[in-house]
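Structures incoming, each one as structure tokens.
Shared chain: subunit A. Partners: subunit B in the first complex, subunit C in the second.
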Partner chain A sequence: MVTLDEFTKNIEIELDDLESGTLTSDINYRDLEQWSSMYALIIIAYVDSEYNVTLTGDDLRSCNTVRDLYLLIKSRV
Partner chain B sequence: MKPYIKHITEYYPEKKFSNNDFFIKFPELKSKEETLLKVGVLSRYIVDINVPASDLVFNAAEKLFNETNINRNDIDFLVFCSTEFDHYTPTTSSILQNRLKLSNSIGAIDVVSSCTGFVHSLSLVKGLIEANEFKNILLLCVSTLTKTFHKKDANSHFLFGDAATAILISNRVEDGIGKFVFGTDGGRSDYIIVRDGGGRNKLTEQSFLEEENEYGNTTCNANFFMNGTGVFLFGLKTVPKLIDEILFKNNTTFEEVDYFVFHQANKFLLKTLQKKLGIPDEKFVIHMENTGNTVAATIPIAFNSLMKNDKIKKGDKILIAAFGTGLTWGGTIIKY
Partner chain C sequence: MALFTVNNVKIVGFSATVPKYEESNWDYDALSASEQKLLIKTTGIEKRRIAQNGTTTSDLCFHSAKELILKLGWKPQEIELLIFVSQSPDYYLPATSIILQDRLNLPKTTIAFDINLGCSGFIYGLSVISSLISTTKIKKALLFSGDVSSFSVNKNDKSTYPLFGDAATVTALEYDIKGDTLFFNLQSDGSGYEAIIIPDGGLRNPLNDESFVEYQVEKGIRRSRRNLKLEGMDIFNFSLREVAPNINDLLEYANEDKANYNYFVMHQANKLMNESIRKKLNIDKEKVPYSIDKYGNTSSASIPLTIVSELRSQLNKGTNKLILSGFGVGLSWASALITTKNLICTEVLEYE
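Entry: the complex of A and B
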């Protein structure tokens, strides 16, 4: 699996209306102004496609940061 | 003789609800416009609260009679597929038989189904034609789902639209509709639901208590609710298997399919599925920009976009796949 920094960058690219550098591995992604259910779908689709790991709504609820997500995915790869 | 789709007619409510109208109603979401646009809707039609689904579909059927040379007396059976009915009893299809001046010597039934409604109904129509040597069946698929939305439910107001479709299914010598695959998982029936107001839960004061979800979207138990991430995951996991099963059952290879027409649930889900399945752009139909997700009407509308533009030719194979409320799924291969 890629490094946490690369993973964070990739997620930011997927959420393509975010300004570069807005997403860091330790901010609570729910605090992003644009955070919406569509962002959740984008992350679910990206992780399914890149890592063949299924993230659920509950997973997204239990995580707060990209770092939390990264560690969760890493444990399932 | 074998059933085939002969003609499709679309009919929309008068009131158009554009994205501009949407952002006037929900100005707080303007900053999320770019993200919202990923669902692939620029405009949709909204039915007047006082207009029943049967009125919309009556107009669709009348339009079909104007567009084709079919004689009303040659319709052998009527199927009305909806989730909104004129009365608790009698069936709305009986009322439509009379309003459409169809023969008294026909059968008429109501089918209660949403996203998978067209596929459910088409399989019944196929069976009716093959078992009874009927020549012409009128299938009416309509959605007026927007009536069930909470006024603060922005996500649903953005994604869905209302529409009616009338489909004439006739018979011919060659095959026109393949074998069907179906699935049902009532264990996830609460993923897309109007909880209160039916036989199970009566409307009470509690039914109208507003609940805001983690994404800031609001609804209540008396109104429509959808678990968006749950439904997305369901589509992502179920549809690829469904496609494999449809191809296998119809002894068809992936490459032999000329067009893939899926339930137009949400453009982002459709694009994700397209990528996952490796369907080339020229074979994949996305047609919801000006209508939104119209539930049971999406496949007929998307299929008609191929028919109207003369994109398909006789003998083409079109794989249709529906999925949604229930949760249910199903599909088949249409031979044009």
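Entry: the complex of A and C
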């Protein structure tokens, strides 16, 4: 699996309209001004296609940062 | 596993009716301009048709059936099987199918009953009606599927309102010993029953004064207990997990190669989700039609509506093989392999 930094960058690219550098691995992404429930769906689709890990609603609700997500996916890859 | 084969049945025609009144998600003011853009890009849903003045699902069905019967040159007296698949019936009881039997002047020898399913409902309905035709040898039958979902969604709930449109469809089938084989794979998982639910109105939670009280779930999401509630992430997870294996199992059971299929018509739920499923199955983009941009999620109408809207001119000549798949509320999901020959389709009809 890629490094946390690369993973964060890739998620940022997937989430349209985020300026480069807005998303860091340790901020609570729900606090982003642009956060939308659509982003959750985009993350589920991206992680599924890239890592073959299908995140649940509970998985996403239990994560607050990209680091949390990264560790969760890493444990299932 | 509910994998099975039905013989001696021919699908002869489709029709679809939508309300004339159209809403655009570009005008949906519960969302900011950037949220509208993100929703439309992600879900693919730009416009939806909304029933007006108390129009019911069965009104749309009746309108659609009259046109299709005329186009097929059928006589109402010849039709002896009618199934209505919907989660928005005219009444709590009696079954809407029976009211349609009379309204369409079908004979009293008609078998008529309802099936209460949503997103998977068209495939379930197709499996039941074709099985019945095959065993009873009834010559002509009509399958109705659709919903007026706008009755149940709250305009102040951005997690449901911009997704659903109203539509109803009719599928005409005949008993035919030279008919092609239909293959089905039907599945259910009731552990996810709360993922899409209207909590109040049945016997578990009868309607009461509280049912109509609107409450705030979060910013942009306001609804009451008689409104439809949808857990998007859970549905997304379910669909990504279950749909592709269901179809692969069906192809294996039928000993069919997906490369020989002309089209893959999915329930129109969410463009991002459907595209993820398409990629998992490794099916070319050109084989996968979408009507979701024009009509939104139309529940059990979405598969036949997409056939009528997007494939009408391709299917009215020659032989075509189609993979069909519906998935959602229940949770319930199903797929079918069908073959059509010189299909008779109406245009997408409008109801005023």
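The definition used in the following text is that the second predicted complex is superposed on the first by the 77 of 77 C-alpha atoms of A that agree within 3 Å, B and C clash if a C-alpha of one lies under 4 Å from a C-alpha of the other, contacts with A are read in each partner's own complex, and residues count from 1 in each chain.
Keep this in mind: a contact is a pair of C-beta atoms (placed from the backbone, for glycine too) under 8 Å apart; a residue touches a chain by one contact, two chains touch by 3 or more.
Values in this document were obtained by computation on a predicted structure and should not be read as measured data.
When both complexes are overlaid on chain A, the residue A:24 reaches neither subunit B nor subunit C. Of the two partner chains, neither subunit B nor subunit C is touched by A:3. Contact with neither subunit B nor subunit C is seen for A:62 once the two complexes are overlaid on the shared chain.
In the superposed pair of complexes, A:35 makes contact with subunit B only, with no contact to subunit C.
Put simply, subunit A uses residues 17, 34, 36-38, 40-42, 44-45, 48-49, 54, 56-57, 60-61 to touch subunit B in one complex and subunit C in the other. Chain contact summary for the complex, subunit C toward subunit A: residues 34-35, 38-39, 41-43, 159, 231-234, 236-237, 240-241, 270, 272-273, 276, 279. Contact residues on subunit A toward subunit B in their complex (touch as defined above): 15, 17, 30, 33-42, 44-45, 48-49, 54, 56-57, 60-61. Looking at the complex, you find that subunit A touches subunit C at residues 16-17, 34, 36-38, 40-42, 44-45, 48-49, 54-57, 60-61. In the complex of the two chains, the subunit B residues touching subunit A come out as 31-32, 34-36, 38-39, 155, 213-217, 227-230, 232-233, 236-237, 268-269, 272, 275-276.
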